[in-house]
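One chain, subunit A, appears in both complexes that follow, with subunit B as partner in the first and subunit C in the second.
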Partner chain A sequence: MWIYEKKLQYPVRVNKCDPRMAKYLIEQYGGADGELAAALRYLNQRYTLPEKVIGLVNDIGTEELSHLEMIATMVYKLTKDATAEQMKEAGLGAHYASHDKALFFNDASGNPFSATYFTAKGDPIADLYEDIAAEEKARATYQWLINMTDDTDLIDSLTFLREREIIHSQRFREAVEIIKEDQSTKKIF
Partner chain B sequence: MTEKQSSNNESTQAYYTLLKQIQALDFVLVELTLYLDTHPEDTQAIQQFNTTSLQSNQLKQQYQQLYGPLYQFGASPSGTPWNWKDAPWPWQV
Partner chain C sequence: MYTYRKYYRPYIGPFDPCPPLPYRSYETPPQLYLGFQPYNLPQNSPQDALRTGTLWPDLFAPYPNPYKVPTSEEGGEQD
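Coming up: the complex of A and B.
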């Protein structure tokens, strides 16, 4: 089970109401390389991965849930004071018509979240390489999001998330080596 | 403690300062956890983990006495009346 902790992993503040940036940020909420896909990918893979790497995948999957909450907080804060007119101007008119200010799991173009964004192959090397690629894609997305805003508070939180992708990628690379070593040890007998 | 109430007074500042200290310590713990998941023999890292865990717990006790429970389902004790459900929630501060 999980126990909720009533705090964010890292502070999220924004300088201004900016629904346009929220529209782009939603990519990391319900997009292909977003935090929901990441959390679900790892927490789903952990059941069938070799025991030596279950701990890591379990813990990164859990951390991703806290990143999902940070993204949601950004979107909430950037849109909460927006008028219907501002939502419309930001390209969120269609979103507003259906959801008001409620968050919805879709990407920046409005495509709804899909379980096809990630897989579980049952082969540890295949699964871990997918995880490494997912982290690198998320890292790139965070950089492009940072490039689109001048909100210094938002950039601070997005930079934290970008750095986490780098660490996760590094840890998954180490997990690959652990699996490889384990597999080659078994072949000797 | 919501943004609307945060009129730069001392108690609001104290809240954010303590919260940030906890977030900093807990970040060390997250980072060390992932590191130790792939480097389980690093005794120095384990020592740092255990020391930081103690420091974090101490600060959280202080925080919870002032601002209410941090953890769900009994991992934190409750005040009277029941204060787990009270604002602010993390996205409101």
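Coming up: the complex of A and C.
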């Protein structure tokens, strides 16, 4: 079970009316390397990984849900006051036709979210290596998103999210080291 | 010490249709180098930890937009 804290992990502010940026940001909402895929991947893998790294994967999966909220907040703020005409101009006409301003899990090109974006191989090394790659791909996506906006408040939140991907990648790399280690070796600290 | 960003010069063809970007860059953040995190690394204050997104200064990597950072000759020579 989870305990919900009714605030964002990091503040989200948007200082520029830019619905087109919402179209790009949705990549991190329902895209292949987005926060939903990340959260589902880790929270599903945690059952069958070696005991020593389950806690880590559980915690990171939970944090991804808080990142999902931040992205949702950005998209919501960027489209909240857009007219139908502005949605059309921002390339969100097709989205508007189907969803009005409602958020939907799709990528920046409008492809709906798919569980095939991630896997659970059951092999701890294969799964953790996928996790590391997923974090690096999410980090790269944040870089490309930062490159496409000059909204300093948005860049601030996106930079925070990018840094979290770095930390997660570091922790998954450590998880690999933990499970590689010879369990019978006596360690002296 | 390492750099967060590496540069290379792509080949510039005589018939390239767009004005060439002389350098291309890619990011090499600290998790690629740290290995298993050692004990007792310095920690950020809670305020700085929130601002930077990490408790650990050693794991912080800034990300300036590479299209807005002047890619000087020195920048290009970094490895």
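One rule holds for everything that comes next: the second predicted complex is superposed on the first by the 181 of 189 C-alpha atoms of A that agree within 3 Å, B and C clash if a C-alpha of one lies under 4 Å from a C-alpha of the other, contacts with A are read in each partner's own complex, and residues count from 1 in each chain.
Definition applied: a contact is a pair of C-beta atoms (placed from the backbone, for glycine too) under 8 Å apart; a residue touches a chain by one contact, two chains touch by 3 or more.
Bear in mind that the values here come from a model prediction, so they are computed numbers and not experimental data.
By the touch criterion stated above, A:73 is placed in contact with subunit B alone, subunit C being left untouched. In the superposition on chain A, A:167 makes contact with both subunit B and subunit C. Applying the stated contact rule after C-alpha superposition, one finds that A:10 touches each of subunit B and subunit C.
In the superposed model, A:159 lies in contact with subunit C only, and not with subunit B. In the superposition on chain A, A:63 makes contact with subunit B only, while subunit C stays out of contact range. Which of subunit B and subunit C touches more residues of subunit A: that partner is B. In the superposition on chain A, A:146 contacts subunit C only, with no contact to subunit B.
When the shared chain is aligned, subunit B comes close enough to touch A:175, but subunit C does not.
The interface of subunit A with subunit B overlaps its interface with subunit C at residues 10, 167, 174.
Contacts from subunit A toward subunit C in the complex involve residues 10, 139-140, 142-143, 146-147, 159-164, 166-167, 169-170, 173-174, 177. Residues 3-12, 53, 55-56, 59-60, 63, 69, 72-73, 76-77, 167-168, 171, 174-175, 178 of subunit A touch subunit B in their complex.
Interface residues of subunit C facing subunit A in the complex, by the touch rule stated above, are 27, 29-31, 34-37, 50, 52-54, 56, 59-63, 65-67. Of all residues in subunit B, those touching subunit A in their complex are 19-20, 22-23, 26-27, 30-31, 33-35, 37-39, 68-73, 75, 89-91.
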